[in-house]
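In the two assemblies presented below, chain A is common to both, partnered first by chain B and then by chain C.
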Partner chain A sequence: MLKKYNINAQIIFLTVVLMIIPFFFENDFYYEIAILSMLNALIVIGLNLLMGYAGQVSLGHGAFAGLGAYISVVLSTTYGLNPLLSIFISVTIMALLSFLISKPILKLKGHYLAMATLGIGIIISIVLEVEEEFTGGSDGMSVDSFVVFGYEFSDSTAWYVLCAVLLVFTIWAFENLINSPFGRLLRSIHDSEKAANSVGIDVSYYKSIVFVISVVIATIAGSLYAFFSGFISPQEASFSHSIELVVMVVLGGLGRVYGALFGAVILTVLPQLLTSFEDYETLVFGCIIIAVMIFMPKGIASLFDNILKKKEQNSASS
Partner chain B sequence: MVKNFTLRALALMFISSFIILSASTIKIGAIVAATGPASFLGDPELKTLQHYVKKINDAGGVNGQMIELIHYDTGASPKKAVTFTKRLINQDKVVAIIGPSTSGETMAILKFVKKAKIPLISMAGAVAIIDPVKPYVFKIVATDRMACEKVMADLKKRNLTNLALISGSGGFGKSMRKQCKAVAPKFGIKIVADETYGKKDSDMTSQLLKIKNNKDVQVVLNPGFGQGPAIVTKNYAQLKIKHPLYQSHGVASKKYIEIAGKSSEGVRVVAPPVVVADKLDDSVANKKVALAYKNEYEKTFNSQVSSFGGHAYDSLYIIVNAIKRAGSTNPMKIRDEIEKTQGFEGVDGVVNLSPTDHLGLDTKTGMIMLEIRNGDWTIVK
Partner chain C sequence: MLQVSSVTKQFGGLKAVDELSFNVKKGTIHSIIGPNGAGKTTLVNMITGVYKVDSGTVFLDGGDITNLATNKLVHRGICRTFQHLEICGNLTVIENVMLGFDKYMDKNILRSCFRAKSILEDEKRYLKRGMHLLDLIGLADFANKEAKNLSYGILKKLEIIRALATTPELMLLDEPVAGLNPKETEEVSELIQTVVADEVTVLLVEHDMKMIMKISDHITVMNFGKKLAEGTPKDVVNNEEVIKAYLGSGALSGR
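Here is the complex of A and B:
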């Protein structure tokens, strides 16, 4: 178990890294990728809590993020509400919605749960595509800029700082959450629901709470992405986006906060690096994912476990 | 060992992707949907761009400089289009951008093109891209509205006023359906039935039966692309519906006739002229260009020409000509010269751009009406 000081050390390290990285950025495009990575990381951290800690699969998180983003966008752009207020309203709506949804579907297990979240995700994306007057249909809609207390987030640096702060805070909150009684309780549900039940844990209640938390984070990150890119389309809520998020979780390492971060960063950066392969881009991309899963079945985060283990062995033997 | 290898492989890829090509080239960016649901657009577009950029470079380039085509595949995702646009602008520092292939993607990137002041020639269909006129955005592709107007004009000529629509539910079908509904009243045409079918539907009998049983219907139009319209055509013949059937420019390729077979006899298709470049009247201004493109494309890639690659040809040459005239690679000057394009004979038609018209394509040359007779196209006069 991680000690308290250990978490703080990690957070400080992460903050320093995030502060240093921009010095290596040659132009705005680097900021763009960094911001995208961090926003993806936020969603994936939330999803990882659900998948990696509580052991519940969701194939609909892209759709939840997309729906949340659409609610924020429609409120702020179409109805002229303050962006911050619209995100807040969107979060409230999505929290209530996900709580209601979670009750029946989290009773399902394994493939059936995956099917149910998949179904809900697809329904959401169809609704977004068909309700043209609100959502602009399949061609999407443009989004007004993100103005908070009279400050307009227009340049990439401002967005970078905002996302970095949010990311550090989220990771800090999650590390603490996971190492609290609540986190241990989640892991007990993950390992055996029956055992958890037998010691008096209200399994379905806690599963719902985790589901709501992950949807709330997805809503915030999704909304911020829409404001950042200035455009939103139903593709945000598409099935492929949901899958992409799940791949990020698995690739990074299930049940690891930093795994989620690695998964999100790598899957956001990799396609940009691979463009030089031109026609073979997708092929190479696929091969890399397969290779990672074969050689690092526990995700990229497990690399660091091995390094740590070796160090321990070394120090033990010396 | 294995892990080491993976790491090394990753590192190698990282480095190789940063190898920068020689500096004295003119960089033109292209954002195309070469894979994914719109690959039927992006694939011929990319092939055309690569082929003709090579051709221009083999002939000595532009103003003594080689053209470097930097292209990214969006898979028709607006999100990726935005990222790649920023990459083209900030990282690759291109002087002009061609694409994206679809309307949704184009609308998504307009903001960034405007901010960066880089000229863009979109290859997508929607009217909204150039209406209202935006300083840096051009588009030489005939709009779906033009296709609708062409169909409506033909209906009016034949005195058919009661039209039934059966549209695909994809972006193409949806957009054209909207445009056709908007222009129909101008031609005194009433939409008496409005059916749709899904992207993957394999039978449209029920929708067509509804149309068949509707006594008001005189003629049917099917906006859509891909296999949908071919199935509609087959079902149409099976149900022995006697009304004339019109198809959109989405099916304007020989493949449609092959798939629909005999049932396509007598179907009218609104199409860009390049499809029948060899049958065009010699008086058509752009016949030579269109025919040369068609022949070269079919010879080089051993596949039927489609109108989409033609968009890429026209976009590329309008930019190249603008660079030649400007004698500079300053995006601002290129933009000004693109806007001054006059009498450009392209594959899509003759283009005359102006500060108030960033489409510049004439309906008369931009779209023609074809009828399928004996398994081949015939131009309807």
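Here is the complex of A and C:
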């Protein structure tokens, strides 16, 4: 359905916010956190399309992002390919791979699908750790700088701009996608696969397509993070990273593009804010997440839904 | 238009449908009735490719559609509804109807992301047609309500309308009035009759005898997976076998 409110207005608002934020940055560390937040947000937006809209759980997206990043890095650093070309090749490989994987595993539902994606994720992270010849093993490997058309992304500002542009574009494209017939089709699969099937939708094909889209975005964001930080280790592809991504989706709000953004930003920034708690950092972090899930079971994005609803009611009653 | 010839489905030792054959004529309401467990829903599931047919064939207008998946059948002009509601609860009423138009809509991912003209035009066109369908059954006021908040009766009708949106030639309705009150039943049977007037053929599985007798052109009676009797409503009511199956053999001899 075409939404009443204007998507473009949201995009402009987001762009303005992203332009203003850097004025409050005191040093490079702030940039680093902001860039990491945005790249996480990208992966989570893709994962949210799969989990929140199409209703398919994946506990392996950290591993997909990590594997995609490794392919890009090995191609560019070890074999000296152009970074942009390496990312492109990596995206192609990951798209094919995820399409092949999706065919058998997306037949599974609920817990079983979670187990299957979990298994694949663990296999990927073990492979990355064991294939020392290519990946440098558990010590990781350093990554050459990101050079595009002769321009080297060396300072944080350039990276910030790149990630911000990518983020704004992705959010715009996804908002459009969600509000198109394609988006409605995805939501129908979430609600009732039988219903979707009965109106002629090839459910398994579209599930695969969404899976591929989410893996492609994870690959791009994961690769960019490796180039940005100049280092990559199997930690990127670990189970805990996959879980972190799922928590971001759920905390932000399943089935909301902006929820994914909130979830990613909050879960990336919060640990940094909590460092003053020192030993109790993880405890406080855990308590905050539990509290959010108890009081906002539909995620942080639901906070804004309630405000909008109240506004509507007020305007209707007056 | 639909030819079902000696289809069989076995679950373990139980033959749910046993060598059943019948023909559905174009533009008619053909009803399948039978006591609980006679195999009616199994039959619908076989025709719509949910279950694989053990043996036998299903032909539509001379083309073999045996074991073709439900979603592929929609493109051949067959659409079904379910005994137990299959409505997308988180979608609004109009979105559920528009889902029915899915096969006509542009779903190219790139064009969707960039809000291409074809996407917007499709949305506009089918929103209009969807609203028209909702008007037909007086649900236009509920168009923007989330389906999960609506009553069972409304959703039963919505499911038929959604199936109708796929513009089928043959509709399979699996117990469309189960659980409805007499007034709602009346509304649904009127809706079915309107549908048939639009040159859609209807294969109806139902328990509500009053409705069946009133609107059916042709009836096939099933019992224990086999065809018990066949004919017009009048033929069937007077058939001894049918009375036996429904009321027990004592009902006849006691008279």
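FYI, the second predicted complex is superposed on the first by the 313 of 318 C-alpha atoms of A that agree within 3 Å, B and C clash if a C-alpha of one lies under 4 Å from a C-alpha of the other, contacts with A are read in each partner's own complex, and residues count from 1 in each chain.
Here is the rule we go by: a contact is a pair of C-beta atoms (placed from the backbone, for glycine too) under 8 Å apart; a residue touches a chain by one contact, two chains touch by 3 or more.
It should be emphasised that the depicted structure is a prediction, and the values quoted were computed from it without experimental measurement.
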Clash or fit (per the criteria above) of chain B with chain C on chain A: fit
Included angle at chain A between vectors to chain C and chain B, based on C-alpha centres and rounded to the nearest 10 degrees: 140
Which of chain B and chain C A:200 touches, first, second, both or neither: second
First (chain B), second (chain C), both or neither touched by A:112: neither
Which superposed partner A:13 touches (first chain B, second chain C, both, neither): neither
Contacts of A:295 with chain B and chain C, given as first, second, both or neither: first
Which superposed partner A:280 touches (first chain B, second chain C, both, neither): neither
Chain B versus chain C - smallest C-alpha distance in the overlay, whole Å: 26
Doubly contacted chain A residues - partners chain C and chain B: none
Of chain C, residues touching chain A in the complex: 69-75, 79-82, 86-92, 94-96, 98-100, 102-103, 105-107, 109, 112-115, 119-120, 122-123, 127, 162-163, 165-166
Contact set on chain A toward chain C in their complex: 1-2, 173-174, 176-177, 180-185, 187-188, 190-192, 194-203, 209, 213
Residues of chain B defined as touching chain A within the complex: 2-3, 6, 10, 13-14, 16-17, 19, 35, 72-73, 77-79, 82-83, 86-87, 89-91, 103-104, 107-108, 111-112, 126, 170-171, 174-175
Touching residues (chain side chain A, partner chain B) in the complex: 26-30, 32-33, 36, 137-140, 142, 229-231, 233, 235-236, 272-276, 281-282, 284, 288, 291-292, 295-296, 303, 306
